[in-house]
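In the two complexes below, chain A is the common chain; its partner is chain B in one and chain C in the other.
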Partner chain A sequence: MRARAIFAAQLTFTLLVAAFLIVPAVQSMLAGVTANYFRGIRSGLTLQWVQQVWQLYADTILRSFVIALATLGVTLVVGVPAAYGLHLRGGRLSRVVEEIITLPLAIPGLAIALALLLTYGGLSSFRRSWLFIMVGHVVFTLPFMVRSVLAIFAATDVKTLDESAASLGASPLRRFRDVIVPNARPGILAGSLMVVTLSLGEFNLTWMLHTPLTKTLPVGLADSYASMRLEIASAYTLVFFVMIVPLLVAMQIFAGYRNDPAGRHQ
Partner chain B sequence: MRSGPPRAWAAGGAQSPMTKAAFIRICLLPLAVVVAAFFVLPMTRLVWIGASGRHGIAAYAAIVLEPRYAASLLDTVLLALATTVATLLIATVSGLFLQRRRFPGRALLVAMLTLPLAFPGVVIGFLIILLAGRQGLLGDITLALFGQKLVLAYSLAGLFLGYLYFSIPRVILTIMAAVEKLDPSLEEAARTLGAGSWAIHRDIILPALAPALIASGAIAFATAMGAFGTAFTLATDIDVLPMLIYTEFTLSANIATAAALSVGLGLVTWAILALARIYGGNTVAANG
Partner chain C sequence: MSGHGVALRVIDCGKTFADGTRALAPVALEVGRGETAVLLGPSGCGKTTLLRIIAGLETPDPGGRVLFGDTDVTGVPIERRNVGMVFQSYALFPNMNVADNIGYGLKIRGVGEAERKTRVAALVALTGIEGLERRRVDQLSGGQRQRVALARAVVVQPSVLLLDEPLTALDAALRERLRGELNRLLRKLGITTIYVTHDQAEAMALGDRIVVMRKGEIAQIGTPRAVYFAPANKFVAEFVGAANLIEAACNGATLVLPGGTLPVANGAIHGQAIAMIRPEAIAIVPAESASLVGLVDSVSFLGDRQRVLISAAAAKVMTADVPNAIALAVGDRVGLAVEPAAIRLLPGDAT
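Moving on, here comes the complex of A and B:
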């Protein structure tokens, strides 16, 4: 009897927590397709707000994808070889390097953005292009890629594989391409999903780094929250959810997110 | 993983045109360039500029000496502490429950609790407005029940709800993973020795969860200290440190102060996470 009461109390508590998280998300999704939020769902369902979002903000959505993919490209080119180098080299220096590249996760995005602005804000053509935002995203997401690949190297005894390939006479470049990268694939995939998800949702850095001509999706969201009617803000949020939730699901399937939930984002 | 005997990589390297050591250097070069140019150099400059204002290096002391900044720092720390304590309490109760019990709908419940993982701070601010803003659900409910509209969204309470929203999914996942690794034989032994459920929780389960609690608590704390998006969306009369930095920089063009404050904020969040790593295991912050 007592055990049942405890179970019921715990279940009720957890359901309340879930409601706190889910109810506002569902509210916002519904508001995005409701003709008039203040009259409620009775006023009818409509896609007009989503259409208006597309007219108003399509450029921010596309720009966010461009920046996310470019960020992914850079973190792949820089991060995967770096993880291999750090793993093989080992020693104290590698640990220090790993420590330094992980620092951006411990420092608020606002501080990093300010630092980038104060250093490169004067280079006006760089400052005005979307590359400036991409640089911020690379600094912030690179540690996820490197750590994700390093975790795979640590788990798969890649050193032995590498040495066997070397003893068969394969050159370093060939070993990297034909042995290391294929073996690191799960880590690369997990890291890539993380990088894209984080980049698409990044706001703290981006708000400081953007210009009126380089707005991204989350910047546009903040803009719409401040200045648009609630239905449009909600429809825009709905568009964001539709993009980000599949990535999150994929991340949980492929990345073993549950084992390292802290190793993340924004 | 990193220690071990020196590697005999001369074997392959000797036959190829490029030695192994050279190849490793090439692998690390892009990283060195990117990190030096876009992180180390800018951060050094930030620290430098923080000390280059009217007050020189004393700008850093102003964070704790100047009443307005000190008040903002205190508010931010208290808010982060409240968020951390509340998140840990909620997540421990729910995490233990979800990992220990099996019931229909459990997987769905876990999915619902982890869905917000990818929501950035700005979006969470908007959700808090829908929940507890002027036209919010909470207002409607309290109006119907007590005849008065409760509006929390635009104050510290709203920010607290936002940070709670952000932290709960992460901390629940960490705690569930830690509960999964608990050794059930310890609890069995305690039970056969006659320990009650409360004593088992106090003396066995909670101490075993301590590293996970410290690690995830530190992340919740550091995130709440540095989060900008949620405060930005809710902003009416909230003067937490990140908002203060933002207004000093953009509205007052007080660049040296903004730099000094953000260096101070960065040091605090970094120190919290470093301490937690010493006492609790691996931690990486979340950027809210």
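Moving on, here comes the complex of A and C:
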């Protein structure tokens, strides 16, 4: 009897907590397809707000994806060789460099943005292009790429693999391509998904760095909350969900792929 | 495919690491073409550092030089030294199958696919791993990995083959079997080989010459027989095989011991000496006719022989390996006989 009462209490508590978290999300998405939010669902369901969002903000959505992919490109080109170098060299200097790369995580995005503006704000054509935002995103996401690749390097004794490829005559570049990158693939994949999702959702930095012509998805979202009907902002959230959920699913699939040893075979 | 090796010379190569630890005092070593030299010593003796200097994975301290044949390779990175190397962990590439692992060095050298296939197949046959070519490396047993690593290292016909404890990761029975295989293979290939191990049985079985190392220095270089029968000092005597090291007074012709005397043939001196006697050089004889007598402390039957500990003969308990048929009991008074030539007097200072 007592055990059942405890179970019931636990279940109720769990459901309440779950509802506390889920209800706002559902409510927000519902608001995006409700004809008039203040009159509630009774006013009817509509896709007109979603259409309006698309008309008003399609460019921000596209731009966000361009910036996210460009950020990914830069973090791959910079981050993977950096992790390789840091791992091979080792020692105290490498740890210090690793800490410096990680530092932007501890500094508020606004401060980083301010520093970028103070330093490069004068280069007006750079300042006005989306590349300016991308630089901010690279500073913010690079540690995630470097750390996730470093973790794989530490787990696979990549140093001996590198030495063994070298003993067979492979130049550093060849070793990197043939042995290091293929064996770091799980880490590179995990880091890539992290970088893309973080870049897509980044607001702090981007809000400071953007111009009216270089809004990204989250900045557009803030803009719509501030200046549009609540239904449009909600519809925007809905669009954001639709964009981000496939990414999270992709992440899950890749995580499964990583655990499957056949996945490492070319 | 024999005779691709070159003579190897190491001149004054020392290694001091950035933190000031000296891993290797400047050492000199010459290895002939096609010869197998084994670097033997306990962990931390500098044998792996010396191997890595020869490989090109470490640079020697200034003044040190490494020569392959007549070519000074001291400043040449490992990828241009044309070495073959087998690592203790084998370091097979997990992203390639067995055949691709073995063929990687050939691919780097720009060998065409047809020739590559033939040469990989030859090594697969030579190392006895037929049928595994398409396997992933994580599907191989330890012994198979060792063979793949060896095939991968020798398929490129290296000038020098370098093996870093290639059998240590295997269990004892497999180790013994692969040691025999490796020995045949090295003789057949005739490549100049440097083999690092801490296992003296491996060193004696595989080496044309053994380089015994200790605390970053070379303690002795010699053939397995020379190192075993004529160790240069106490360390070598004890590290290579079992040894009785007896401190005793020598009167020019015999050792004077608490339990009697032993005649000495070579290098007898007047004064205190350390005599080395291998356990198998001691024979049990009737006490009445012996110049040296002792008491049986314990008898361990080992199958092919028995190990007897004898007290009262020398200041320390002596170990003797005697034929398994002799009946002995604890407390027996026995005579000990040693061929004078089997007693070696060592310099007393080296500990």
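The definition used in the following text is that the second predicted complex is superposed on the first by the 237 of 266 C-alpha atoms of A that agree within 3 Å, B and C clash if a C-alpha of one lies under 4 Å from a C-alpha of the other, contacts with A are read in each partner's own complex, and residues count from 1 in each chain.
The definition used in the following text is that a contact is a pair of C-beta atoms (placed from the backbone, for glycine too) under 8 Å apart; a residue touches a chain by one contact, two chains touch by 3 or more.
Keep in mind the model is a prediction, meaning the values are calculated, not measured.
Of the two partner chains placed around the shared chain by superposition, chain C is the only one that A:N183 touches, whereas chain B remains out of contact. When the two complexes are superposed, the chain touching more residues of chain A, out of chain B and chain C, is B. Contacts of A:L161 after superposition on the shared chain: chain C is touched, whereas chain B is not. Within the superposed three-chain model, A:N36 lies out of touch with both chain B and chain C [touch as defined at top]. When both complexes are overlaid on chain A, the residue A:T46 reaches neither chain B nor chain C. By the touch criterion stated above, A:L110 is placed in contact with chain B alone, chain C being left untouched. In the superposed model, A:A170 lies in contact with both chain B and chain C. For the contact definition in use here, the residues of chain A common to its chain B contact set and its chain C contact set are 91, 163, 165-167, 169-171, 261, 264-266.
Listed in rising order, the residues of chain C touching chain A in the complex are 18, 55, 57, 77-80, 82-85, 87, 89, 91-97, 104-105, 108-109, 136, 138, 152-153, 156, 162. If you check the complex, the residues on chain B that touch chain A are 1-4, 7-9, 11-13, 15-18, 20, 23-28, 30-31, 34-35, 38-43, 45-46, 49, 90, 93-94, 97-98, 101, 103, 109, 112-123, 125-131, 135, 137, 164-165, 168-170, 173-174, 176-177, 215-216, 219, 222, 225-229, 232-233, 242, 245-246, 249, 255, 258-259, 262-263, 265-266, 269-270, 273-274, 282-288.
The touching residues of chain A, counted against chain B in their complex, run 7, 10-11, 13-15, 17-18, 20-25, 27-28, 31, 37-38, 74, 77-79, 81-82, 84-91, 94-95, 97, 100-112, 114-116, 118-120, 135, 138-140, 142-143, 146-147, 153-154, 159, 163, 165-167, 169-173, 175-176, 197, 201-204, 207-208, 218, 221-222, 225, 230, 233-234, 237, 240, 244-245, 247-248, 251-252, 257-259, 261-266. The touching residues of chain A, counted against chain C in their complex, run 91, 156-157, 160-161, 163-171, 174, 178-179, 182-183, 185, 261, 264-266.
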